[in-house]
């Protein structure tokens, strides 16, 4: 490995087999992460079962297949987001063992059995049925990264009692993801009643002054309840990933 | 009046004292409202005790005093909004009987005792203490127009139980005004639990992604609870006026 | 019912059949609305003939059919908005008794004969022929909720006399809905001549600086005539719903 | 003049006194307008009594005085816009013959008596009293450029009958300027009833969703009445200038 | 006519055949424009050869055919804008004498031979070939309304000499329309060199920070050259209409 | 307390001293949180040493003092954000034991000695010196809530090596807060190299296309590194609060 | 040429064969660039091998073919951008020697062998694989204009070590183009480590708060590293062109 | 230096005085730039006479003085931007040898005599007198970095001949900076006539639809002339810096 490579170089210098000038040159050309940062971190992440992720929206089926093959060669889990059914079909014709979730629009592959990494449970709270694709993307991501997940769907603030009915269960979650479009008020209400950190995901569900999710995004950012942070519009993956990261602390 | 003026003209035509050509000319020049619309409506509104309103933000103390004098000459109530304390002082030095509410920033004068016009009670629900100036502008306007008002202040969604504690009282209101800044989620929650029409007032309370009230405005416009309509940012007057109009139906 | 359930629990406590500790536990787990809020309110609304509403834009025909069946089982009226003709056809192949209005793009079903609930008449004023889908959505919603409706179509401000010709009729309305795209000026003009509350609906009709309805939305929000409130862009349903709520006061 | 200068050069070439090479050099270095465009146009404009204009907002009193002195040396009229009272005082202490209009916030100086250039009358229609500074800037500019002006102030659409009362006078205008803030609906209404070209000036009068004039700007741009064009927010000068240009056609 | 109708009523009153009370009633119910405004104005406009206009974007072929038939019955010219080729074909199958211009995307019909109404020439200046549909819409509109038109196409500021080459011809125009997308700078340059009023039309030609024409729109509104006003993005019709109105002064 | 109150009521019912009807009434009127939600949660939070928070921006010194006195009476910690020096001085003249941090602009008071609650260390990474007020607000909040904090200031991406020099220390943090204005790129770079959850705080530091923090906000929301969530612009408090919540998991 | 034409005219004047009056007329009608500006510049540019450019997005295959034929007649290179595969096929059926690059979406034709004009190497750095179309447009443009190009693809900041690994090579570039979507942070990081001028190209790659490239655009404009300038969103051509212009200095 | 430090470490390893394990540790902890990147680059930049820059807007006079002292200790040039006169006075009372330019609002100090580094001349073209502060900031920055500068001020497109008069001089510039507010059209016109790379600086000069420089910013980004790139609004420093970087190539 990289650490080994540096160590070997140093031993060669000590043994006089590599002149200082050449060793200096080689050390300068070493990638930064080889002396301790990103690359090692990536490896560690992979060792812990966190999948590499392919953003499927801007890639062809061929590109996705190519990346899948690289990841599999290294024994990694594979997770491709935003893959529409046609593209998923094309990928699976070449890599049939990939699983496809048509609601979450994700292609996934685990190299071994699922292993729990997160200590607690991640709750995924969603306002309406139109928010389900984003909520499911969050749920599947967190689960693949080793977190048990519990879902609370269709509990929008227009009938806030539906949320409160599930109160104690929600209270038990270690991390809460709130997925809501339109006015995004669910994040504020949940943020006001739970103790756990809340990750809010605005969705583009709505029309008119929703402006593709802007109304929910701004509402969640200006949320008056503390303990809430926001990810990009429709970014279920990002919320699930962060929730899993927090849950394994 | 105008109706009389047309009648007189017609009689003169019948009597042959006004030629058809001249009568035609005069009729063409008659203001539209003289034959039945806005002006008469304005008069009717005034007779029902609805005050004329002066938007104080863009006027000098002198201009406000001038308008007050015109309204008083006609025996009208006077209501001037967005008058800061200095301007209010300058006005009251010349028209001492004007009352000034420093929270609502309004100058008011009723020509006689307050008379109830609205059938039910108007509820004014406000999220936080910073929203009080707008909420009080709404309350004072609705009250001056003859509606009893009940206030529910500091019941923001971060502690939504504070709102629910006052539930039955809120349920009894005939019209509900909801005043909230930041994410404006209170309108959705109230809209989900009351039967009465809800008038939502976004306020500019907040910072950053609040964008001067935009976050609350968009959230209220995309509110998933039906029965909610929205007025301009910080427009407490408009909400109070509309609430009073609905309440006297 | 929920009330009955609580009463029964209390009687069991009094009879000593349920220990205080267990009753306390059960009361804590009761959904909020079971002790008096949203759910009861929902039931009351349904009893009064107000239909449950399905937002058809984000649902498949299958999901819509599923929801329709639930509502019908409870004997509720059904109202699905934003259903395009294809989806409507798919739904009606399974639930043939649903009626489809292709202009309003709504699927509706009343469990019994139409019953007037609103006291007065709701006026729907629309600026141009392109605004008709939104205006018809408002009209059909208000009517289904029990309000007689009168329409004033194609009376945009570029030929404002067309509006004034219908003045007295318009004046008689108890609630006025104004539907307009482009510059949305019709709301201001109508707001200036009627005494009734005005619900303004900006539409996305227009191009360029209309920005999908933004020009009309901002114009209506900054309307200089008092007594006007605004709903979301193209939200004919919301306006019709609120008008019916006000009209039954 | 420039034309003369080129002619002289050509004669010198013909007379053999200027070599072709040098003449070529000189012709290349001639400013573009010297052979027929902008500069000559500028001179022509000045000859016709159109004042040079100083945008006072971004200049110090000293810079304004300096420019005034240049224009006066050439016998030009002087027109400085957006000069606040303090700056105006500082300028007039050095150039006492400048006149200052505190409502229009303009400093002006005509080198001779006012001379009518425009054929018809320019109408300036303004919605509210807060729009007067912009309306007066338009009026004064058009008048200084030789157009008689008639004003129709405080005729906003919330009481549209006030506008219609002045109908025939308004109809006689050759060019109409409409100045309005808030929802800017006045431009549409006027555009629907007059035959003359309409120049709409959105103002920044309003608050909240007015967004510094954006609501009026977008409304005027999407105006459904034909024959209307728009200038920048608060740009009374631009409207008055264009009106005068059209009126002298 | 309306005027005739009022006159007749007055004569009947004089003759004693219509009681004053009934006449009063009838006069009150007369549409506003019948006593002098919009409707008469409309008629006058039509008499002068100005076509009624159908905004084709939001209408079906059937609706367009219906309107065409009404206009033709009154002997009016017909002008339908934003009609795509398919819709145009469907219309012409029913009204074959309509002419279709595929670049301007307009359907037109003149009831008689073209008659010059405008005194001077309208210049249409366009920046690039992608702006032609808008420029042609302006040209065709102005021409149908009786104005001779001269076009200056493909003279964008990236090669500004192309514009200057046509200088004298451009200088002779009585009204100038400038059509440009992207940064819209052409309006400023033309506004700086011509004496005639300039109507600027921003187009949605461009990508990225063009934001559907916003860059050109804002640039034209903040144009530093006086004598320029702006119409909506891509609104060739509006520019052509206003140019013809100015040109016939 | 509330639980006790319900228990007492139930016992009274069992004892026959409170009729079922009255008990039912009382239970219905009980605030929701009294049977298990927000209020209890609030109390628990306070017991754990989390301070109540006063948003000082929209309050007078008098209001702040009033709130401080309430919190102190209950033995709570006090934390007031966005208090400028003048207001802080006025508060401290009445409550001298409050501490004021002029960089973080916070007034604080702990009822007892600081007690560590968070397991790991919270890192606060800030891009430039102008971001310090926000960063310090985050640091002080997290610390007051019981988390040890380590700061990494002035490590903006224009000299990214400054960040990398502190790599191992940064890697050890359990939660990382990144505070950056302008282009906000620091969040992406940190998000790419640390394993801990990252809370990104955009600041309004910058000018022009920064648009009051919008550039950093959008950049952080679209951050390509996973594991990053965002709070409102300049919301150091919110980031510190959430970091402390995560750190005590 | 133009210079020759003026010289010839002057000689004719000197020889008395052209009267001064006629020469004056001809000089006035000469396009500006004929006496030294744009046109000559254009010619020079062409002589140096810089291709004329066709913006293919707004043109039909026929229009593109027409322009290609003009350029080829003059022996120019041809470069058409934003040509989708269908349009490219249609063009190549008529002009088969055109080359088409399906990633860069460009049609190109060089009249002779490629000739190096730029002194150094242009580096094209791209963040992700979805940015490749824009990056390749930049690369191909710079190369066609005579600059050697080196690419550094897929080096986004989420794994910034990938960029640093290629450090020395990147450092050697004379001009650096950075292509990135999402948060666009790569421009800041590269701008912080290279000495060469950096041209940043925001791309529309992303979703949600990316707003079609706005997040990257604003981030790059507010970049805290000096030496960076920005072109339009997705404008790979513009970046490649400017890089080549700088590189040939 | 850093290179020396690594070399020394390697020699110690070779000599057996530092065990491999410890050397490995030290190499891992070395800042990235110590093995060849940013820091060395910074030093090189400084050696070449490029000043360190202090962004004065967000700093106190004390902070500025502190930074100045650090830079001077290293013998660096000092350049502080956006320093208002009061702050500049406070700084100069402590560091009297700093020079202050009140138009450019910059504090500067060169450690030795000015030395030309740039090969050609940088042209700074500015549209109006209100743009001078930004233009001067650009000029002074480029000059301090060793580039001769020529200015072309007050040549806005409303009188484009003023620009063309200076054509040949402008053509000789090696890099051109264009500074313009309002519609920013000057960048397009200059970009169309010069061969040199153009750096466009939008300024916030203007009002209304200028939106603090947005109109100029968007116009410059969508500029139809190739060879133009844009820096942040009012960022004269950034343009001057980049121009100097290009000019020394």
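Couple of notes before you dig in:
We call the chains A, B, C, D, E, F, G and H, going by the order they appear; numbering starts again at 1 in every chain.
Criterion: a contact is a pair of C-beta atoms (placed from the backbone, for glycine too) under 8 Å apart; a residue touches a chain by one contact, two chains touch by 3 or more.
The model shown is predicted, which means the values in this text are computed figures rather than measured ones.
The pairing of chain F with chain H is characterised as different-residue: of all residue numbers used at this interface, under half are used by both copies.
The chain pair with the larger count of C-beta pairs in contact, out of A-H and B-C, is B-C. For G-H, the equivalent interface among the listed pairs A-B, B-C or D-H is B-C, as over half of the contact pairs agree by residue number. As a whole-number value, the distance joining the C-alpha centres of chain A and chain E reads 54 Å.
Centre to centre, using the average C-alpha position, chain B and chain E are separated by 40 Å.
Counting partner chains per residue, chain H has residues 28-29, 32, 36-38, 128, 159-160, 164, 168, 192-193, 208-210, 217, 221-223, 226, 232-233 touching two or more of them.
Across the whole structure, chains are in contact as follows: A-B, A-C, A-F, A-G, A-H, B-C, B-D, B-E, B-F, C-D, C-E, C-F, D-E, D-G, D-H, E-G, E-H, F-G, F-H, G-H. Per the touch definition, chain B reaches chain F in the complex via residues 128-130, 159-162, 164-165, 167-168, 205, 207-210.
Of all residues in chain F, only 127-128, 156-160, 182-185, 187-189, 191-193, 206, 208-211, 214-226 touch chain G in the complex they form. The part of chain E that touches chain B in the complex is made up of residues 3, 6-7, 10-11, 13-14, 16, 20, 23-24, 27-28, 30, 32, 35-36. Residues 28-29, 31-34, 37-39, 42, 55, 57-59, 63, 202, 204, 212-213, 217, 232-235 of chain F touch chain B in their complex. Of all residues in chain C, only 32, 36-38, 41, 44-45, 53, 119-120, 164, 167-168, 171, 174, 192-197, 199, 217, 221-223, 226-233, 237-239, 241-242, 245-246, 249 touch chain B in the complex they form.
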